[in-house]
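Letters are used for the chains, namely A, B, C and D, taken in the order the chains are written, and counting of residues starts over at 1 for each.
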Amino acid sequence: MLCEDKPAHECGVFAIVAPELDVARLTFFGLYALQHRGQESAGIAVANGRAIRYHKAMGLVSQVFNEENLRPLAGYVAIGHTRYSTTGSSKLENAQPFVVESALGPLAVGHNGNLTNAATLRRELLLRGVGLTGSSDSEVITQMLAGGEGRTWEEKLKVFMVRAQGAYCLTVLTRDAVFGVRDPLGLHPLCVGRLGERNWLLASESCAFGPIGAEFVRAVEPGEIVMLTEEGPQTLAHMPTARPAECLFEYIYFARPDSMLHGRTLHAMRVAQGRELARESPAEADLVIPVPDSATPAAIGYAQGSGLPYSEGLIKNRYIGRTFIQPDDQLRKVGISLKFNALGDNLVDKRVVLIDDSIVRGNTSGPIVRLLREAGAREVHVRVSSPPIRHPCFLGVDMATYPELIAYRLTIDEICKHLGADSLAYLSLEGLIRACRHEGDTFCKGCFSGRYPVDVELVDKEVFEIK
Amino acid sequence: MLCEDKPAHECGVFAIVAPELDVARLTFFGLYALQHRGQESAGIAVANGRAIRYHKAMGLVSQVFNEENLRPLAGYVAIGHTRYSTTGSSKLENAQPFVVESALGPLAVGHNGNLTNAATLRRELLLRGVGLTGSSDSEVITQMLAGGEGRTWEEKLKVFMVRAQGAYCLTVLTRDAVFGVRDPLGLHPLCVGRLGERNWLLASESCAFGPIGAEFVRAVEPGEIVMLTEEGPQTLAHMPTARPAECLFEYIYFARPDSMLHGRTLHAMRVAQGRELARESPAEADLVIPVPDSATPAAIGYAQGSGLPYSEGLIKNRYIGRTFIQPDDQLRKVGISLKFNALGDNLVDKRVVLIDDSIVRGNTSGPIVRLLREAGAREVHVRVSSPPIRHPCFLGVDMATYPELIAYRLTIDEICKHLGADSLAYLSLEGLIRACRHEGDTFCKGCFSGRYPVDVELVDKEVFEIK
Amino acid sequence: MLCEDKPAHECGVFAIVAPELDVARLTFFGLYALQHRGQESAGIAVANGRAIRYHKAMGLVSQVFNEENLRPLAGYVAIGHTRYSTTGSSKLENAQPFVVESALGPLAVGHNGNLTNAATLRRELLLRGVGLTGSSDSEVITQMLAGGEGRTWEEKLKVFMVRAQGAYCLTVLTRDAVFGVRDPLGLHPLCVGRLGERNWLLASESCAFGPIGAEFVRAVEPGEIVMLTEEGPQTLAHMPTARPAECLFEYIYFARPDSMLHGRTLHAMRVAQGRELARESPAEADLVIPVPDSATPAAIGYAQGSGLPYSEGLIKNRYIGRTFIQPDDQLRKVGISLKFNALGDNLVDKRVVLIDDSIVRGNTSGPIVRLLREAGAREVHVRVSSPPIRHPCFLGVDMATYPELIAYRLTIDEICKHLGADSLAYLSLEGLIRACRHEGDTFCKGCFSGRYPVDVELVDKEVFEIK
Amino acid sequence: MLCEDKPAHECGVFAIVAPELDVARLTFFGLYALQHRGQESAGIAVANGRAIRYHKAMGLVSQVFNEENLRPLAGYVAIGHTRYSTTGSSKLENAQPFVVESALGPLAVGHNGNLTNAATLRRELLLRGVGLTGSSDSEVITQMLAGGEGRTWEEKLKVFMVRAQGAYCLTVLTRDAVFGVRDPLGLHPLCVGRLGERNWLLASESCAFGPIGAEFVRAVEPGEIVMLTEEGPQTLAHMPTARPAECLFEYIYFARPDSMLHGRTLHAMRVAQGRELARESPAEADLVIPVPDSATPAAIGYAQGSGLPYSEGLIKNRYIGRTFIQPDDQLRKVGISLKFNALGDNLVDKRVVLIDDSIVRGNTSGPIVRLLREAGAREVHVRVSSPPIRHPCFLGVDMATYPELIAYRLTIDEICKHLGADSLAYLSLEGLIRACRHEGDTFCKGCFSGRYPVDVELVDKEVFEIK
């Protein structure tokens, strides 16, 4: 139970134009708020009208930056990036922003997402004579922009959007401008913020605005290219799209509960998910508890919907970090549970509804059920505030492969048995969408339904062993 | 708001006798669960009947240990320590366990607490001709044991208890035995656990037992010296005490909610504190929210007691770590709130009861109230599940000095105004004790009442500038 | 006197084909022997017929590599590089080998030298649509090979040689082959070695062969491309050249004294330089001492040529390393001499000939003369075993700029006065060439005569501030 | 051949009183010049009349200190230490100066040497009730001073000298004074320097004075206690001694050649050793070469004495450092010689006299002889400028044990055969003493004769495994 049974977070991107402020420092605090989207590496690039300077390194935002390496990053436009490894191995070469000198001048790119035709684009670059130093999509994107058709950055960005498929939220920095790009499917979020009168921002999530005193203005639309100027975001293009396909896992788990999408906080939508779940799958029980921390809003919603009292039944060790020490056989036998402890007082002789927001591989839920029983729970009814995940994500979320997905291998009854639960129910796809509903159904449901909004190239990762 | 307005945690101690298990590894996982009691340094010492080996360093438990430095720590008895700096500066010299060679053989000591007559004891050691390398109480204790009267460890421990005053939970390792000592006032917790048939443990809190498959057996009594043997804990002595004086802040904030004291989890007692608070100080409001995470149980209790719905109104950035980057003036002006974001959806036009477990300096509560208002809350009623802190702690908790304590400087009405709250109420001391009540009033209430259970020497820290 | 008054070393390159040996380990020890050619970063790339793996980092060879990062580098061909920063700033991005994926497969390049038309080549790459991540020539070379004309590596290398101007010794690794390239001017050395029957090597200097049990076979010729195979080096091409122009500073200072060029050790040639100097510029004196360590062979030669006794008069602190502590004013006033101490015994009342191999800026020779006088020397006659350096090097040696060169600013008499010497003489260019002579005058004398063997583009380094 | 066949260096001590100068910075540069005496750890302690502040860490002086950790070390008296591990393992706990708070105030001690009755003294401390944290003599000395008899530091130092046996050069810092102590045998050097009018210094060797503009004044006498004051060194005591017993290895190898003992540089004495050796053991040969660098003066002397030309035949890799990479079997088979390369040109068909200053285990001389032969030398005559080492040192020099000493196991003829040399001769003890002679024979000859100037307790190191 050292690792979570959750899909892996994506990356966080940030951008700012602020002629009279310390853009690097503001970007630092913006990334700080986006840290949940990626903990592997962080980077900031700043431009001053003439040149780009940057610093990036492996580690948390707070570890990567100090006053000494922040100081040289002076300018009036900046982008920042915090990375969770999806494709591309875990190496400094893959840290972002990716910065190059190009014929049009310096260029820095931060990317959240995954191109579905990356292998083709990569091959085209190699055939065009570009040597590629890493295995990340972001280098591919950067070299496509650096050397692709188009006489201006605007033209180049448009050409890129014609060629690229899949998920991409980009922040693009040149020597004197900053752009934001969101793919036509709108798979991942990107939004515009304002700080004072003349300072404008882009961020993966609106939670990056509050801590620096900025406010949410609007989402970048699917297929939109914006240029940030002191006058605000200028729309340079709007690529046509059949219909949006927003990643539902942003609504279930990825985005911070205090971020807003379509005018509501994720927290409110997750509470609504819990309420839907209570309506669809009630349980005869004494109390409702979450798997902390991510399922807490859904558990509050379930409690509201069911009228059962909300409580806590599991305590999470807040200091769980990457440890190099492995349990030995004896410890494995006793079923070591480093992450959670059960709260006997609240559980003894109780019928418990345990709320989780999602089950991917199903390897941590069983031990949690056992933990609750050992602490005295008489019954454990597992309720999941998302549908069964039966398909991998081919658009960039590190979900799992078919054989790893428990809901692909087993029926719900079998899963219930596997977990040792008294009952198990998932929220329906309709219920989920209802809880997240804004106007129209604009979601990607690939991992639930197997129907993806785009064709997918299956990349042979082995080719890139060389780096 | 980068730092918390809480008293500083103390240290965590751990000990084990387990002839056939990997005692160092078990100690590692025990310390992992006690990490909340101190994040500055960690150490493990192991004895094999002949010699003591140890490793200690600055940092979190998971940072300090790896397979390479754990491997040499072979033996059948061990102690571990995780340290929060109280007295003694933040230097490797002060990391624990403190290990020395003595006339009776090797000796390692881990200490949680603070001696109130440390300056006297220190002076006595110097006059006895012992040069002291650091400024920590723990070196004083170790040298007192190494060189004090007594022909056996048992005698030496008894002599020590006669001389020492104040707070001390000790785990003491010799070349072939391990002892636990709890001061006669029982200021801080220490308990006995069992793993299988013949393996016994000591830990500051019972939350250290679950993750390694052990179970809680009993508390070490105030004034008790126990020796851990394969047959279990043997009581070597029981120092007389007027009456115990357990630190109430263990009940309010320090101990993990899943740890048990006097047969109940701290979680249950904190829920009860919330209930008492609802009874004493109700509020006309629409919902109850905690300052996460520590006030969550009290908020749940307040909701239960008041009948108001429980919800969340503040999201905490889970990745807040030590950062080297300071906000600049512009950021300070916008009132940067790195730690919390408000959940507008839940707050707009609502009358909110905000539950906190304690207010020390009062420097973070004001900004939180403002954050809630800016997010739309119509009224904010602050309720604190502990009494006003009007006095410093002289027994080892790093609380604050008189001029820093807001409840020493201001009346409750003034504090309410200072925070910008619509109303403010603290739990009464009686209410608090009622919520924590086991048989008899066994608590230290120094920081609330100014009446301490022991005389205090005010140490002139300046003397030790040299180390 | 913390830094040396010497031109900066270049880089060291190494390559090996050895189907049954541990090529990475052999490359490590080869680089270890080439460490004097560059101490900033080190790297090794290995190929196994299918892919390339590599590791590189800032620091000395012995610091960069350990068993853990060497282990994955399995294969039968390898290249290694040790770097001294010339162009391109001191960043990991500029560490070598430079490794990319290309249309023909993976490619790794190690480079010693400096292209004189790098700015043009760089511009061409940018216009061709390649984004460049760093400012080093080596990335330019690698991208030229990755994307340049030619259907095979052999063709690509030939095309490169047609386009490139200036100094370059390359080792080039593909997924299954290793090549060596030396520029038509032969500015820097590159030679072939053999280990056993079927293992072949390339190295900047022959001193890399002895420590791994290999032997010197022959030089790579100016303008030659060789491919290393198990059957030995195959010459793929021989670019025509007007006439070679070997860097004389390899003969004076760069190459290790135990390396061989044209069949003689550098030590022997430097002894001969000292003998020529004694013949050209005798001195009435009692003994000959070197500026240790580099001038020792020339001093031995001068002693032999003059009949004066050889001795030591200066002791060098062997532990001089990069220190962060600067002398304060008081220490500067006393004329701190961290690097050398004088040997009073040998100097008192003596007339001393002080041999140095070169004077660049002239800022350390004066303090040395003063040191000798203060130690009792009656007369100090400075003799330099190379001609006055009156011109910068535009071919990659980090010599100095015109205004920094003391022999550009001052006459020899003025320099003598500046140093406080009793007399000063430099070896003539003819004498130097005579001492180094092999068949024909094959040397570059640019820094002595101002006549360079190639046209030079003066690069505006400011452009690249962005990285 | 990765490691040297030499006795291990001892430690270097330094002290200064300089009311108007930056004593920490001066101490840094003093230690920098004493680096050859120990590379394991370094430390500086400074006193300002009230308190002592210090910094120490593992590593070279230049690695341990930076402006940031030097800045707080303000005061007017200081001591410094650079350590080579002799007794006591290689741990930060053993780094010096050792600093404690004592009844008389703060105390810092730096120590060069080895107490022969350390085990007894250690036992006495333990019985007195002092817990010892490490296994070094220096902690023993410090605790003896901290807690020993005597009402003043002067009295305590005298009591210490009565009790201690063996080798010790101490620099002792209190809150306002600095003392130097040299053992009655005078085993290792300690001398007094002056900087300007009112600043006084102590150092292990006079080579520490030059770089900071100070000058040698006199040696501290065997058995002398001096207190440094602005008026100069005051002799507090002079312990009687039968006769001095200076370590001859200071004269052969330890001390830097530019240091002075009894009015002459070590360089001059080593040249004289070479001359004596030439007189005693001439060789029919063509040239004389040293094993660089330490045997260079002796080789110059041998050349002078024999009339044979001096030259170089071996080049030493200057970048040999601690490497983590081991040769594999194949490399071991080819007889890897990472440290030295032979200079073929100078050796081909020559009869060579190879001068070494000492042979301890005899494991590196054989490979060097082979290297010379493979490079073409016709004959190799080994001459050693010290007598055969037939006994270990029990006074603190890490020489070797009896079974390791080649001259204990083999006759000179057998050694010659073992080395593969054509002849072998050692300098006689008489010859050595004659070369080093000042008034009287004041030397310890234990390692040559087996007759030690003091009784030796053989310590059972096993006892201290615990630290």
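The rule is short, and it goes like this: a residue touches a chain if its C-beta (ideal position, glycine included) is under 8 Å from a C-beta of that chain, and two chains touch if they have at least 3 such contacts.
Bear in mind the structure is a predicted one, so any value in this text is a computation, not a measurement.
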item	value
From the options C-D, A-C or A-B, the pair that copies B-D, where over half of the contact pairs coincide	A-C
Most remote chain, CA-based centroid, reference being chain B	C
Between chain B and chain A, distance of the C-alpha-averaged centres to the nearest whole Å	35
Inter-centroid spacing, chain C versus chain B (mean Cα positions, whole Å)	61
Mean-CA-position distance for chain C and chain A (Å)	50
Graph class of chain-chain contacts, one of line, ring, star, complete, other	ring
Which pairs of chains touch, using the document's own definition	A-B, A-C, B-D, C-D
Residues on chain A engaged by chain B in the complex (per definition of touch)	21-22, 25-26, 28-29, 32-33, 35-36, 39, 60-63, 65-67, 70, 195, 207, 210-213, 256-258, 260, 264-265, 267-268, 271, 293, 296-297, 300, 303-304, 309-312, 315, 317-319, 321-328, 330-331, 333-338, 341-346
Residues of chain D defined as touching chain B within the complex	50-53, 92, 98-103, 106-107, 126-133, 142-143, 145-148, 175, 464-467
